[in-house]
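For reference, the structure discussed in these notes is given below.
Chain lettering (A, B, C and D) follows the sequence in which the chains are written, and residue indices restart at 1 in each chain.
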Amino acid sequence: MCRFVFYMGESLSVADLVTRPENSLINQSVRARERPEPLNGDGFGLAWYVDGETSPARFRSLTPAWSNANLDELARVTSSRCILAHVRAATSGNFEVSEANCHPFRHDRFAFMHNGHIPAFQQLRRSLMGRLSDAGFNSIRGTTDTEHVFALVSEHLRGREDQGSCQSLAAALSAAVATVRELIDAHAPGSHCYLNCVLTDGAHAVACRYSSDPDYIDSLYYNRGGNYRCDGDRCWMEPDTGDVRAILVSSEPLNKSAQWEPVPRNHMVLIERDLGLELQPI
Amino acid sequence: MCRFVFYMGESLSVADLVTRPENSLINQSVRARERPEPLNGDGFGLAWYVDGETSPARFRSLTPAWSNANLDELARVTSSRCILAHVRAATSGNFEVSEANCHPFRHDRFAFMHNGHIPAFQQLRRSLMGRLSDAGFNSIRGTTDTEHVFALVSEHLRGREDQGSCQSLAAALSAAVATVRELIDAHAPGSHCYLNCVLTDGAHAVACRYSSDPDYIDSLYYNRGGNYRCDGDRCWMEPDTGDVRAILVSSEPLNKSAQWEPVPRNHMVLIERDLGLELQPI
Amino acid sequence: MCRFVFYMGESLSVADLVTRPENSLINQSVRARERPEPLNGDGFGLAWYVDGETSPARFRSLTPAWSNANLDELARVTSSRCILAHVRAATSGNFEVSEANCHPFRHDRFAFMHNGHIPAFQQLRRSLMGRLSDAGFNSIRGTTDTEHVFALVSEHLRGREDQGSCQSLAAALSAAVATVRELIDAHAPGSHCYLNCVLTDGAHAVACRYSSDPDYIDSLYYNRGGNYRCDGDRCWMEPDTGDVRAILVSSEPLNKSAQWEPVPRNHMVLIERDLGLELQPI
Amino acid sequence: MCRFVFYMGESLSVADLVTRPENSLINQSVRARERPEPLNGDGFGLAWYVDGETSPARFRSLTPAWSNANLDELARVTSSRCILAHVRAATSGNFEVSEANCHPFRHDRFAFMHNGHIPAFQQLRRSLMGRLSDAGFNSIRGTTDTEHVFALVSEHLRGREDQGSCQSLAAALSAAVATVRELIDAHAPGSHCYLNCVLTDGAHAVACRYSSDPDYIDSLYYNRGGNYRCDGDRCWMEPDTGDVRAILVSSEPLNKSAQWEPVPRNHMVLIERDLGLELQPI
């Protein structure tokens, strides 16, 4: 089912998300606290935006995050103003552990990651692919529900590559969620889908916490403040005194602190280029 | 572009194909002799039939064959009356190196491997998938042209699972080749396809050497005789004195011997359960 | 800290140990029940004895057991009268995840696997290696404490390769444990070592459950009876009615049954070629 | 036997060494031009120095360089003033393919890589390790001759960590080469060793081209000039007009150009912080 963390703000070391915090993403790969199944050992991925490059850089591996020496090294020396990090738990029996199935996914300058799943995905996959353009159809290289949802999202972003905005990201994400619901109604009526995800172009971002199941929704938190930093394994967000320089969106709080706010059920978090933040129902 | 070797006959050690012969498949992974590009280092796979099991066993890995300690071990202790072994060269830039892309592919009791490629595969892939049943569509887990060709083959075998025969294998393979040609004519007219492959159900087999290009065809050989064995790296086929107990079909001869016959251009080799062998144009 | 299972008896499918039982070794890789830390995701290994081959076959991988398709396949088609299977949890921060560090280890016709650890191993490793013959010194290819303990064991077996017996295995294991204790006293006095392990030559075996720590010992069970089989995920040992044909030694019971006996603290289980079993203090 | 490239100068994209040039290191992994065996497919590694970090960053993988998507990504977005890149060919049969065996090796702020081999390494390894301090002994995590040579080098650098200079690097390297020769004379008299290597602390570097064999020496080139850049796959060194800003040391020229000078046989190239270059016999 996965865990993820997203950061936007002043340039930050990837280690401050992935390896240093008391409840770092590495720790969540071994022992997630807010999932029924604590293990997220089916690969991992990082994406980060680099000045002067349109497409985000990406590092993925099919081995577990907790023992990957390359991840430790990259986390130590990589800083960015926009970072996505994800540890994967392959949905039971359905999806292969492979690099092609590791999040984040990319299209052009966009990146996407997901925690959740689509029920009966094999039943509706063909219909879903039928709605894609040829470019979208051919973009799919793996077998995850996530990559297919992102292909739906990307259809809405195609052609708008140059005029990024929070609202266009939110519209694309909402449209994809609506399509998924429609496909479920047609192919697996009565089933529920779980879609916590982050979509960004490196300058704007939308995160959503969505479940069609009244009885279960995966956890998602945000944290916005003056600055986020770590000293050893002690990490903190400086309070917002009018000058916001850091926003985190994370499956679980990275540290014990009152600053982590749960994203309300079935809401999107819209993050503007200036780190303005708005909650909007989906 | 790949290299492969196929064996049917008396129970044989996998090592006698993969590690022992002077021009073993391992050696062909490093230094193939009859390909313009000698390297086949993008993963490998074995499939072998086991008494009492319908579906063939399979071992695949995305690392090169020449350094895989597990392959050495399995080759040493595994014997079978029907063995497929394949080393992969990912077609330039198009196809990911992953386990899902390693041959042989399987469906039910059938196994399939391929050396060659389909031009402009991205252009015709969607049409090809449109011709598949839902089961065929969902069977595809990787991104190779081979797996898609095998899905076409499998459509023709579906429902006939219980009445295997050489002729039904040959018919399925011929139909798939015809479909591929039709798709190329529609989507990449003037292009040529290269389809050396083996299809088996463990008791019968069909190999084909096919190219629509008058100027190039990949190598393929067969070797039929009384028995095939190795002593150290010296391997030999005992002459056929009326009692055929071994047939090999291989991209390249495994040893220096006059017994290796080239499969004629655009022909199939049909291998019966009793090791009867027939050549038939495709 | 690892989990393992060992089998000796009538030819058995590896799947009956690794994938089928309700508490199979695969399940123990995700969620061990009798370890403080339930996760054993740092690689795995199988060794099994094959008729006509002196050295046991081995399959190891640095990826987790739960998602390894090759392990599933091999377990399905491999049967043996003597099987070792192991899932690894790399001791915290000390030992790399690599194939060379996956158990079982082999020397000549012997195989060895371990659950536990040696404290302060870096401090005493050099002294330990100083006690090895040149052959023993050069045999070490990885960095685990286990491989070094096995090198000590092997020194005692060298030269006795042809006259295997339970007692010679037990003597070699006891001598190695004594050496380890001596090295700890010299280099890390007051520390405790944890040595649950299995040593076999394919015809005889010794398992030990040993801890120098009065406050902690890892779990180890044995189960001896008429026959061991699985039907789906339901596995059982037929009662011993005078004709013993199966012995299991396992870090945890593979199923809910009263037949699993804990190995007494600091004892060895000696298993004879005829499946006679004796407990002996170490 | 391996191929490598080293860069020191103005900040440079790793891609300008590894992926872009006509004879890039990736191309040398498939088809090296100046080795009898063209294949270097047994893993690879990068090390690069990052402002503000003492220890160089490192990325290594046991899969071949030519198909590694992460290497492509990192090469694209990583720039540094001091870069080491290496593709490995495991010496025949002796050395495992594992991450621990991939160059470059590191100790403190030093990095080291090697092309060549030490004959009869198993015979002399124990003596070599006997000359190491406990820290040096414990530093060794793999099985390559290279890592052991670097442990010898590091003994000479230990304690001098703060006062780096070309001369201290050259002295450490020369002493290690002398020790290796002495060990060969003792354990494998008449054998020859091949030691092309690079040692750096990020600010100074020494490369050596050394063979004790009068009949064979591996290739090594250097290239020093005003600036080194690529435009697509066309790469060039601007001529030295008094302002040197780039030095390359490479197993093979990366492009067709007269600027690549062979390092004279059994010489070291000493590279100063200001990119001053001196040749010195070893």
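Here, contacts are C-beta pairs under 8 Å (C-beta built on N, C-alpha and C of every residue); 3 or more make two chains touch, one makes a residue touch a chain.
Bear in mind the structure is a predicted one, so any value in this text is a computation, not a measurement.
S.K.: Tally the contacting C-beta pairs at the B-D interface and at the A-D interface, and name the larger one.
M.R.: Comparing B-D with A-D, the pair joined by more C-beta contacts is A-D.
S.K.: For copies chain B and chain C, work out whether under half or over half of the interface numbers are shared, and give different or same accordingly.
M.R.: Comparing the two copies, chain B and chain C contact each other through largely the same residue numbers, since over half are shared.
S.K.: Report the inter-chain centroid distance for chain A and chain D in whole angstrom, where each centroid is the mean of the CA atoms.
M.R.: 39
S.K.: Scan chain A for residues touching two or more other chains and write them down.
M.R.: Where chain A meets two or more other chains at a single residue, that happens at 69, 96, 99.
S.K.: Within their complex, state which residues of chain A touch chain D.
M.R.: Touch residues, chain A against chain D: 50, 53, 57-61, 69-70, 73-74, 76-77, 99.
S.K.: Which part of chain B faces chain A closely enough to touch in the complex?
M.R.: Of all residues in chain B, those touching chain A are 96, 98-100, 122, 125-126, 134, 137-138, 141, 143.
S.K.: Considering only the defined contacts, which chain C positions touch chain A in the complex?
M.R.: 30, 39, 41-42, 62-64, 66-67, 69, 90, 96-97
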